[in-house]
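Okay, got some structures for you below.
Both complexes below contain subunit A, partnered by subunit B and then by subunit C.
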Partner chain A sequence: MSIIERQRFSCMLGGAADAVAAMPGAVPIIHGAAGCGGNLFMASYGGSGYCGGGRFGGNGVPTSALTENDIVFGGIERLETRLRSAIELLDAEIFVVLTACMTEIIGDDVDGAVGRFQGCGKTVFAVSAPGFAGNSYAGYEAALGGLFKRYIKPSPADCRHVNLLGAVPFHDPFFRGDLEEIRRLLESIGLTATTFFTADQTLDDLKKAGSASLNIVLSPAYGVALAAELAESHGIPYIVSELPVGAEASAEFLRKVAERLGIEGAEAVIAREADRYYNYVDRALDLIADTDFMQQYGIVVANANAALPYARYMRRELGWLPRYAFVTDSLNERQREAVEAAFAEAGMEGLALVFETGTTAVRKRVALDNPPLLPERYGDRLSPAYILGSSMEKELAAQLGAKLLTASFPITNRLVVNRGYAGYNGGLNLLEDIITQFVSVR
Partner chain B sequence: MPKKLKQIAIYGKGGIGKSTTTSNISAALSEAGHKVMQFGCDPKSDSTNTLRKGKYIPTVLDTLREKSKVDARDVVYEGYNGIYCVEAGGPAPGVGCAGRGIITAVQLFRQQKIFDELDLDFVIYDVLGDVVCGGFAVPVREGIAEHVFTVSSSDFMSIYASNNLMKGIQKYSNVGGALLGGVIANSINEGYAKDIVDDFAARTRTRIMEYVPRSVTVAQSELQGKTTIEAAPDSAQANVYRRLAQKIAEHEKSAIPAPMEINELREWAAKWGNELLALQAGVVVGGETAGI
Partner chain C sequence: MSYISDSKTPPVRDSRLKIGIGFGGSVGDLLRASGKGRLLACDRSFCQVSACQLHLTLQMVMTMPDSVTIVHGASGCGAQIHTQDFPIRSGSAARGVKRGELIWMSTNLGERDVISGGEGKLREAILLVDREYRPRVIFVASSCAPNIIGDDIDEVADTLRGEVAADIIPLHCPGFKTRVVATAYDAVYHGLARNLELAPRPHEDFAPPNGLSRDIDEDKREYARRKARTVNLINASSIGAPDERELTELLRAIGLNVRVYTEYVAADDFRFLTEAGLNVSMCAVHDDYLLEHIKEKHGTPYIISSMPLGIAETREWLLNIAARTGDMERAEAVADAREAELRRGLAPFLPQIKGLRVLLSGGVIRVAAAALALKELGCQVVAVRPYHYDDLSDPIYERLERECPGLSVNVAPNQAFELVNIIKREKPDVVLSHGGSGVWATKAGAVSVPLMSPNQNYFAYTGMYELARRLARATQNDALQRRVGENARLPFKTGWYGRDPYSYIEQDRAFE
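Let's turn to the complex of A and B:
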């Protein structure tokens, strides 16, 4: 049996609460003990570049805060009280009850309880999110799935509208910037998009998701099962795409979407974007080409969403040699196969794709493959190396004498507001951040 | 020297006679001069009924539901011959968590050190039939009861339940859990019934504490809201219960049982099934070898 130490996710409840709190006009209400909400928020907040809880999220999440008696006799009464006051006091439209472990274990009839709030003028529904049923990523899917089931009605398809699935709030620390940029790209070819989680989203954007003519899943692992369900329930077909990072990936992404929706004129957009992109890159080349950090071995330690995009960026945009992509999520077989297939399709020769949830194990694996050479001997060394990983890769960086840019969860050494690494703008951001690591000591 | 409190838990299949037997044991022990508490660990909260003229008493959890803090003394009710009666109680059927309720109730008593205060000799936990979750295993864990007795008839399902209980005891035995005192064989009338429970006890390396016959006296007493000891003190059945109580009072050393694996148990039952069939058909067991 393998152990997971310093895992990079919390539980289903955590993921669901984060997702609901990131939606416009929605309030998560945790039906469980008082500690769940606060503790889970500390995990996601601390690891996402300090992405705060917003109006109704994080430490502000209403909870039924059950105590012993509620467990013995059932917690429904307390939930109803809390739900009633939340609806009365909070200026929101959608109230999502999330069941924690203990209320699932004792079998509280939560659906019955929320049923009594139908007709109160607000949308009230429950999502089963016991921590034992999965990790944060499962919580994200459950919350978004609940929203589709209970709020977003299937509507006649608008051939110009799409939804963006797969970017997971908090656990993809750049989800806001990424989603904004992807939407900008889609708009540049004449589409509109529901992102669900960016600051500009309104309830109308959520409702409009029901009329999308395509769900674009920006992840090989997350949101795919949901998209398949939505194809049935809402009649929305879907495509799975890698999160495009940098000019080449973005061009591919635009072509793929345009082709799928029969949109003309994507090439002109791509040419224009590429011009601008490389104009900027060009200016940076004076620094990059002039110095000895021109080429590096690359190591990516990230979740299933970011691992391939980062590795490809290193290779295609920087011309580096990515050697490892550690995928740190706990994946089921289908998800793992999808990640493997995506890497295989990308043709990343010389790169080892490793599924590893444990932080020390990542370090051990690299050390095992690259034993320190005796000083008098020559040979291949994994040096100079550059890591795109999390704050937990500090030790790995020290071990290799490598540079580290924190670009995956958990990120504790930077504040992330709306920075993103996706698309053309994100590619430039990433370039900036990667190279800045070299010169920041000057 | 302070006398030592003996804590006992009674388990067994639902409806097999745990509460009846326990109440009679309590009554007999109390008659013999011991200070006894009977602690019903069952949301049905009917364990101590025959000690209290068939009346239900407010339960620990009923009281806890009303006020957040409960004084354990408020939920101890005196019954027949000064026996202290406690019912843990539980939530309404279908809501909440009855298992957690038992944990809460038992802990409440432990924390408030009521047993010392009442200077008890015996606490007998009467636990509900189907030990459906960890909460109902609490009396055998964490060193609450030292001795467990299982009530079983010769029916296969009852034996199956006892065997399962033994598995539980075995599991907790190396972490300070209670050990098995023995089997109380209930409703044993026909000869073969005794043979079956004897064989079961031998196979699982435990002992039969007493053979309690099925008797109308028990039912008659129950209808008056009394134990057999109280209602029919001179009956033969009452004497059986007295004998059982005395053996339990004298009982010192419990042991780790050797429960059968499921396949073993099935084969064992099938073997007995065949023998009973043969018995019915009039074939004398062992007749073949005896040349009959």
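Let's turn to the complex of A and C:
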């Protein structure tokens, strides 16, 4: 792991705590310093379009609150006391102890400690999540992996049930709206789905995840390794799909899932959805088609989950010319290759896929490729340009005189509630938000 | 207390002061327990997360224009800057300080670094920042992991000092070292005082007397006069630009020249920090470490007296300063005039505010000062919940005991479970809440008003007016709180609300 400018993620502990607290009836307990949980929540909250802590997250997360003495002499006793109180006080079913840097370094026997809580009537287990072992995306996988290992039992497959993996709470700021819409699509072809993180989820939905006949990973990078493990441990096969954004990608997604599960009737659904979708698009054309908003050079600066869906939407739905897709996550080799393969498969000629974590470096790259015009009357340039990025792309937008819609972590200039960009409805939302940037100055 | 000169690392408040983070009882009992040094042992058997000293450290130092901060730790440490970025940029703008993007780096420590040390990556980061951004100052804030594995950030800084153009300022702020976020003030001041010049440079910043000029003695007298009329206000992130403006205006009204330090101040301007006759703290919990150091090394006296919040405290704060500078008469006249003006302004709001039952939750000095201010407005204070307690706060809590005898105090770094229990029990009309607790108050069905906000005015006379206006506004319509209170699901078992809110504080010894 190399040094990094303004990381657009937090650490494994942060990602794991976010994921656990986003699930129904589950509480993370941070075995570390009292500040870890608060600081990490500030990161997720501030970057996610202000997604709050909810029932068991945020600054309500229990902690063993270790101090210097505990680092010297071990923190297990404190963990046990405070975990016992958490079980007594909180109206939850699943208690997940997450280890922070310090407790991993000093080697606290956390599994031994949680072992003493077996038989207390609640599910109690530990997940190793020290910040130095990975970033928040790794934490998401670790938390979900722990849940499958310790709570979700493998059960006989229900051929109509699937699980949605890969949409990462907070770091995919539209995770709730996206997951709801994807589930709506799946329901339209007769399936049910465990989303893990939407408002409606219950413990039954979590348990039902064990009987899924397919894990659908909505990411080329995250949840894929977990899905491969679950194929072994729970016998659930998986497919990897990009997050479908817009009518074309959604139709493709429905076909892919239907084909995989042998479902008929998908085409009728697709036709109906497309009809509705373009009815709405039609009413936006009066504005779009007569103006300069018609066609832009596109720049995407986003995480590995959103980069391709956004670039593809620009190209295939809006008919724009996406020129760059910057992927700002730090990826391992396998993840990186998977992202490259997904872009290659989508056929995005004219688009440069760049893996770059640093905001300054992104700007530099665009500046170097597009030097200021020489003092000549005629010269082509990267304009008009439109950026789908994070709030940190404000300077890039200023540099290019481009419009910017914040659509990737960190989003600090919007409140995201249940908005999503996935599926048909998400495609319409994205159209609305992109074009609104043009008229918002009126 | 010459820590600053002698030691690489600052002390922690856990040992430097008599502190505590857990207590529930009357203000009198609190003072007695603190006096006997028994608060520290009051531990919780249940605990919810809070912030750590790294958070406040970053909040403070990143206000320095032309600085870049390197967080030495895993990728989560410092990631919260995404939330701090806007307050700091808008705070800069509000003070007329030019500030572009906030740049920071993470050394992003991994498993291998934890085993073999992270100093190499820190060195790499410092060199990169110096080359890429050419800042005037590079802060290096070290978090828990490097402190446990023994990385020596001062050593790294020392070896690079000749190589990089920036001043490197190491900051020691691992969360596990202290229970009190306010230790960050010491961590930051330690770093600033050890690494920045705090006095002007002869020939560069001023022309030293050379014997050829005019009457040297007269020059010296003139210099001393000017210095004596200059006062430094020491600010902090919790104190917004509107508060700074109001206090500056008050002191100017009594004829003083006012400058504001240490946040939002450029590194080179620190050379004039000691060119003042008096340092004045705006909050007793912040500044003793730095101001004592300056007094020791540069002879500048200081005043630390609670917080200029509310009519009486503001008058006392102003007169305290005036007594030192010899402006008593003017100060009394200013206070009289401003108070009279304020009382006319408050009059229309008082009937609405009178008798409101208020709970306060937040910083140790601020909740006490605000409680006294609310009493002046005719409100009834239900309880105060300071984030922590320390003996720097004794004077204002003694006053609280005199004016609100038997008042309940719950010492708690947020701890929403205790807050919600108290709200359900006491049903306050308003909760004045520090960031992070308003959400819990709302979910418990109570109206909440921010206890502090960097964009709002709380201090002195205009601050008092704004507070009254806000209370009157907030209590006119509690529809959101009622709707949310009826529908939101709190995390606690319902039995919790029937139990003593302090059930999880082990504090028997505190009452002996």
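Throughout what follows, the second predicted complex is superposed on the first by the 437 of 442 C-alpha atoms of A that agree within 3 Å, B and C clash if a C-alpha of one lies under 4 Å from a C-alpha of the other, contacts with A are read in each partner's own complex, and residues count from 1 in each chain.
Here, a residue touches a chain if its C-beta (ideal position, glycine included) is under 8 Å from a C-beta of that chain, and two chains touch if they have at least 3 such contacts.
These figures come from a predicted structure and were not determined experimentally.
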Clash or fit (per the criteria above) of subunit B with subunit C on subunit A: fit
Which superposed partner A:384 touches (first subunit B, second subunit C, both, neither): neither
Subunit A: partner with more touched residues, subunit B or subunit C: C
Touching partner for A:3 - first (subunit B), second (subunit C), both, neither: second
Touched partner set for A:106, first subunit B, second subunit C, both or neither: both
Partner chain(s) touched by A:190 [first = subunit B, second = subunit C, both, neither]: neither
Subunit A as apex of subunit B and subunit C, Cα-centre angle in degrees (nearest 10): 60
First, second, both or neither for A:71, with subunit B first and subunit C second: both
Smallest separation of CA atoms, subunit C relative to subunit B, angstrom: 5
Doubly contacted residues of subunit A, that is, touched by subunit B and again by subunit C: 68, 70-71, 105-106
Of subunit A, residues touching subunit C in the complex: 1-7, 9-14, 27, 30, 32-43, 45-47, 52-53, 55-56, 58-68, 70-71, 81-82, 84-86, 89-92, 100-102, 105-106, 130-133, 135-136, 330, 359-360, 392, 395, 410, 412
Subunit C - residues contacting subunit A, complex: 14, 44-55, 73-86, 100-101, 103-111, 113-114, 121, 124-125, 128, 132-133, 144-145, 148-149, 174-179, 181, 413-414, 416-417, 436, 439-440, 489-494, 496, 504
Subunit B-touching residues of subunit A, taken from the complex the two chains share: 68-76, 105-109
Complex contacts: residues of subunit B adjacent to subunit A: 61, 64-65, 68, 90-92, 95-98, 100-101, 104
